[in-house]
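Heads up, the next two complexes both have chain A, just with different partners, chain B and then chain C.
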Partner chain A sequence: MRIRGAAVVILLAPAMAAMVVLYVIPLGVYFINSFHRFLDGRILPVWTLQTYVEYFTDSFTYKVMGTTLRLSLLVTVLSIVIGYPLAYALHTRVRSAAAKGLLALLLFSPLLVSVVVRTYGWLILLAGTGVVNTLLRGLGIIDQPLNLLFNMTGVVISLTHILLPFAIFPMYSVMSRLDLSLKEAAHDLGAGWWDTFTHVTLPLTMPGIVAGALICFTLALSAFVTPRLLGGGRVQVMPLMVYNNTVDINWPTGAVSGLVLLLMSIAAVWTLNSLLRRLPSV
Partner chain B sequence: MDVEIRAITKRFGQVVAVDTVSFVIRGGEFFSLLGPSGCGKTTTLRVIGGFEHADAGEVLIAGRSMGQMPPNRRETNMVFQRLALFPHYTVFDNVAFGLRMKRLPEDDVQRRVGDALDLVQMPGLAGRRISELSGGQQQRVALARALVNRPRVLLLDEPLSSLDLKLRLQMQEELKRLQRELGTTFVYVTHDQGEALAMSDRVAVMDGGHLLQVGPPMEIYEQPRTRFVANFIGDANLIDGIVESIDGEAVMVRAGGHKVSARRQGWERSGQSVTVCVRPERVRIVAAAPGGGGAGSSGGPGDDALRARVEDRAFSGYLVKYRLAIDGLRLHAAVPYVSGTSLYQIGEDVIASWDPQQAVTVANE
Partner chain C sequence: MSTLAAELRAEAQEGRGQAARDALLRTALGLGTGFILLPLVIVIVYSFSSVSYGVFPPPGLSARWYSHLFEQTTFRAAFGRSLTIGLAATGAALVLGLLGALALVRARFPGKELLRGFLLSPIVMPKIVLGVGWFIFFARLGMQGGVVPITLAHIIVVLPFIINILAANLVGLDPSLEEAAQDLGASTPTVLWRIVLPQIRSGLIVSGLLAFIVSFDQVESSIFLTRGENNTLPIEMFLYMEKWQDPTIAALSTLLIVFAAAIVAVAVLFSRGSDLRRMLLR
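What follows is the complex of A and B.
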């Protein structure tokens, strides 16, 4: 037991060291800064709750929070709604293991490309004279080009694309563990396709949906590159504000804002995890 | 006739799972599909239930051709091998599922689910979750969930295979009781010949996608048609040989240096290679007279008597099982144990014989 205990410590040490150096210490520094004060372009090393008070009494804070939450929710819902049928099709309609592997690789291939590159890609696609607008106008669906860039729409489209694989993976993994005879049993007991889906498949794949939503939501909450490049300064989300504050040497405000963002993430994880626990395991 | 199978064939890729199988299941019958794994019994059952569609041939239920009709529109219900109970539902909701799919009024649902749970002797557990039940209880819920729909035909796919022996025997009796009480046609898939013999009105033996023999358990036991059936159902001594002569009801078969006789089935021809099947409990043993003649046939009239030596024996309570060596042959005998009598010793010389009427010739394939 002693040797095993030592082995555990040795195996965990690099990860622990990385966590402490790269996460815990900076977070501590951050936390300390949140109790300082920023005045006339300088950080005053005084101990005060003034920054918190100003942050929470500023209406701009709530506007940014609202935008952040709206963006995260929208992207999460879209990722699940688009991703679920995709995962389901991959699970049920594709029979051969080789085809399954290939399609899965294709689905996850966006992850091989950097977020910055993908975001620039969307910049080209969504521009006024870009592919999407040209196509829609060519088909006579619209007369005037749609405003898809430098607003919420563009950010939502691009971020959904980026996060889709993260939604699909947990849903697909839960689906592939589903006992197929459960669907046959529902079918045998008189349920048609729709009843089987709503009474059996959907409830039993709910853990996958919740897990997918959890990953998408927390990633969307902290998304920075996409809102910055495609938002054109008009989509002001919390990570952007934290960045701006930090660049302006306004570390105290950045720290408060960052801590609030962290708390929001923790709240999301906690809520969805407790939901997950209440669901039946497949 | 509840179910009629007409020459169905089912392929999975290159594999022919079921090859031109035909049989008829009568109303109210307990019918078993018996065979080793991969013999096509489960595929046949799934074709009846509509989970697979035959590549050729057709299935008739209550006289109507099923064609491509899906399971939800057939008058059948299935008890699955892995039970397939809905883990997110309570016992009650599991059993109620079929009735709710039929949009029955909730009053009827309550009453019928209650009756079904009483029927399988599970009252008072309606509110439990599936994960809170024992294996035997889950079995009963799966039965109730299927039976509550009052199917014309109940399909059972090795439902007892996951239970331990004692529980399995108990559930066998239970299933038999239910079938008698309800008069529902049961089609039961199993690889356990004991189970099939004990429960069924008729048994269909399958192997390699082919239907080998259909009949009541006793008939299959007494008159197996092929070597495979003889070997698969119960224990059998199988003696390969050549038909030497046919004399009225008896067939004389030469097997090595021995001559054995068996009841004539009608298809035997002189010179044909056949197998003689003798059940161990038909073999009689008597002590050899000291200093008797050499090995070979030397029995009384109508009997085949073989000089043998006891090679091994096992006492199992009401039976004593002997393994006998006769030069070139090996014979198993199961003799009822009469208390107070002494057993034959290992190495002892004995004479083994049987009534030719209780041995049969089977196709040697």
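What follows is the complex of A and C.
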């Protein structure tokens, strides 16, 4: 059934109305604040670029940006490096469809539970007398408990865990569409498993890697709960800055940093998407 | 003869290499699944701990954290609020999303791809940016936060997920069924209600469940809309964890894990595998 004319407008009107009133206007109202100024605990309704100037001349800005990018990059690389063998093993080494489905569900299951719950789990695991330190000491690997909490280490571990399913599923999805006869052909032509992997499997699964990296990186950029609860104030990332600025009623600075965070997300999506388009599609 | 022996030897070596790679990949899959489930398992274990501090292994077992949890009326009220918001936002977004997806799939008009991108764009928007935007927007309207503003906000958060899944479902339908119904005299609403909806039942269930889960997990998009007194469950937990870290949260988390498992059971029972996969792939 093809939909034409007035029907198209009627069908789209509710969603569009909601998007304009509850999405475009709030974001507009928010970002307009970036052209105002925060002085002596209140917002001056003047039109100025002063907040931008102050934001970009403050060295703290670049420190926070650096931390945010470093965290996001680290977590993305870890998620891909850990997730790739998992996706590959799930695709090639699990025969029965039922076992495959069950494992996929298990790998996906943490996403059904609040990120607060998962972060709490890592709080228990990484504590000084927690599971990880107790096990490492029991095995004689360390003498003193490692400081895994309230610093970058804890945030990286926990955030990698949270984003891992987002890395696994795009890669798995590309692998499952992969033509296995190509691997056999490479093998028949005398290529060893390593050559087959680097010359056939890896390039063909690259779209999955890039898609996984895209999701992980954008989600890591805007991660809030984990850096807040596990960073102990030492992992100052941009979403936390936006939060703090808002709590301090400094909406102008909050709006500038929010806008910068948004532009970083868009830049990441755009870069990885154009990379994705240049890759051969499977 | 010697070449044959060499070939056989090489093949045996390759077999051994293959077996080693199999074992390695299976181990990786086991370890990876363990890593992903570990925080959830540990939360369940700690919810039965007899002490308030995180020490491994817990010195004894008790159910005191569950009784402590049930004494806390704030969590019960917050759960009720999250449930209400999740159901209302999902219901509204299903209606808006279904109509929008129909137009996106079945109509042809200029700028359709741009419109689709716009409707899906809240996915990449950092949640904290949306959160501050709604805070300022609703404050300007004189609304002090609460269940209604949060529900309105969550409609925007979950709408892209619903449109994405329903559009994919609609693309897969055979248009000849609808044409046949129309030829037999059915009006457009009748065709939608009697022919189209039953065919995308599974997509409606899966996208609805996903939307509910996403709404149920919102922290930073809603934290400025609660004003401390009408917190949703994840925000109540988040704020509790900023102050205390006793296993009351573990007991609550365990109940939420059971709740999530029940949702998965519903999804598996009432939907098609392809829609579940789409949910996994987001």
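Keep in mind that, in the parts below, the second predicted complex is superposed on the first by the 266 of 282 C-alpha atoms of A that agree within 3 Å, B and C clash if a C-alpha of one lies under 4 Å from a C-alpha of the other, contacts with A are read in each partner's own complex, and residues count from 1 in each chain.
As a working rule, contacts are C-beta pairs under 8 Å (C-beta built on N, C-alpha and C of every residue); 3 or more make two chains touch, one makes a residue touch a chain.
Fair warning: this is a prediction, and the values are worked out from it, not measured in the lab.
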Discussion item. Looking at the superposed three-chain arrangement on chain A, would you call chain B and chain C a clash or a fit?
Written reply: fit
Practice prompt. Applying the touch criterion given at the start, work out whether A:Ala220 contacts chain B, chain C, both or neither, answering first, second, both or neither.
Written response: neither
Worksheet item: Is A:Pro203 touching the first partner chain B, the second partner chain C, both, or neither of them?
Response: first
Worksheet item: Thinking of the overlay built on chain A, is A:Val174 touched by chain B (first), by chain C (second), by both, or by neither?
Response: neither
Item to complete: For A:Gly190, decide between first (touching chain B), second (touching chain C), both and neither.
Response: first
Worksheet item: More residues of chain A in touch with chain C or with chain B?
Response: C
Discussion item. So in the superposed three-chain picture, is A:Leu182 touching just chain B, just chain C, both, or none of them (first/second/both/neither)?
Written reply: first
Worksheet item: Now for A:Leu159: first (chain B), second (chain C), both, or neither, which partner does it touch?
Response: neither
Discussion item. One more residue to check, A:Val237. First (chain B), second (chain C), both or neither?
Written reply: neither
Worksheet item: So after the superposition, what angle do chain B and chain C open up at chain A's Cα centre, nearest 10 degrees?
Response: 80
Worksheet item: In the superposed arrangement, which partner chain does A:Val75 touch: chain B (first), chain C (second), both, or neither?
Response: neither
Fill in: Distance of closest approach, chain C and chain B, by C-alpha atoms in Å
5
Practice prompt. Note which residues of chain A are touching chain C in the complex, please.
Written response: 1-4, 7-8, 10-12, 14-16, 18-19, 22-23, 25-27, 29-30, 33, 82-83, 85-86, 88-90, 92-94, 101, 103-125, 127, 129-131, 134-135, 161, 164-166, 169-170, 173, 193, 215, 218, 221-222, 224-225, 228-229, 239, 242-243, 246, 251, 254-255, 258, 261-262, 265-266, 269
Fill in: List of chain C residues in touch with chain A within their complex
17-18, 21-22, 25-26, 28-29, 32-33, 35-40, 42-43, 46, 53-57, 95-97, 99-100, 102-103, 106-109, 115, 118-119, 122, 124-130, 132-137, 140, 152-153, 155-156, 159, 163, 175, 178-179, 182, 188, 191, 196, 213, 216-217, 219-220, 223-224, 233-234, 237-238, 241-242, 245, 249-250, 253, 256-257, 260-261, 263-264, 268, 273, 277, 280-282
Worksheet item: Quick one: in the complex, what on chain B touches chain A?
Response: 49, 51, 70-72, 76-78, 80-82, 84-88, 97-98, 101-102, 129, 131, 145-146, 149
Worksheet item: Where on chain A is chain B touching in the complex?
Response: 179, 181-182, 184-192, 195, 199-200, 203-204, 279-282
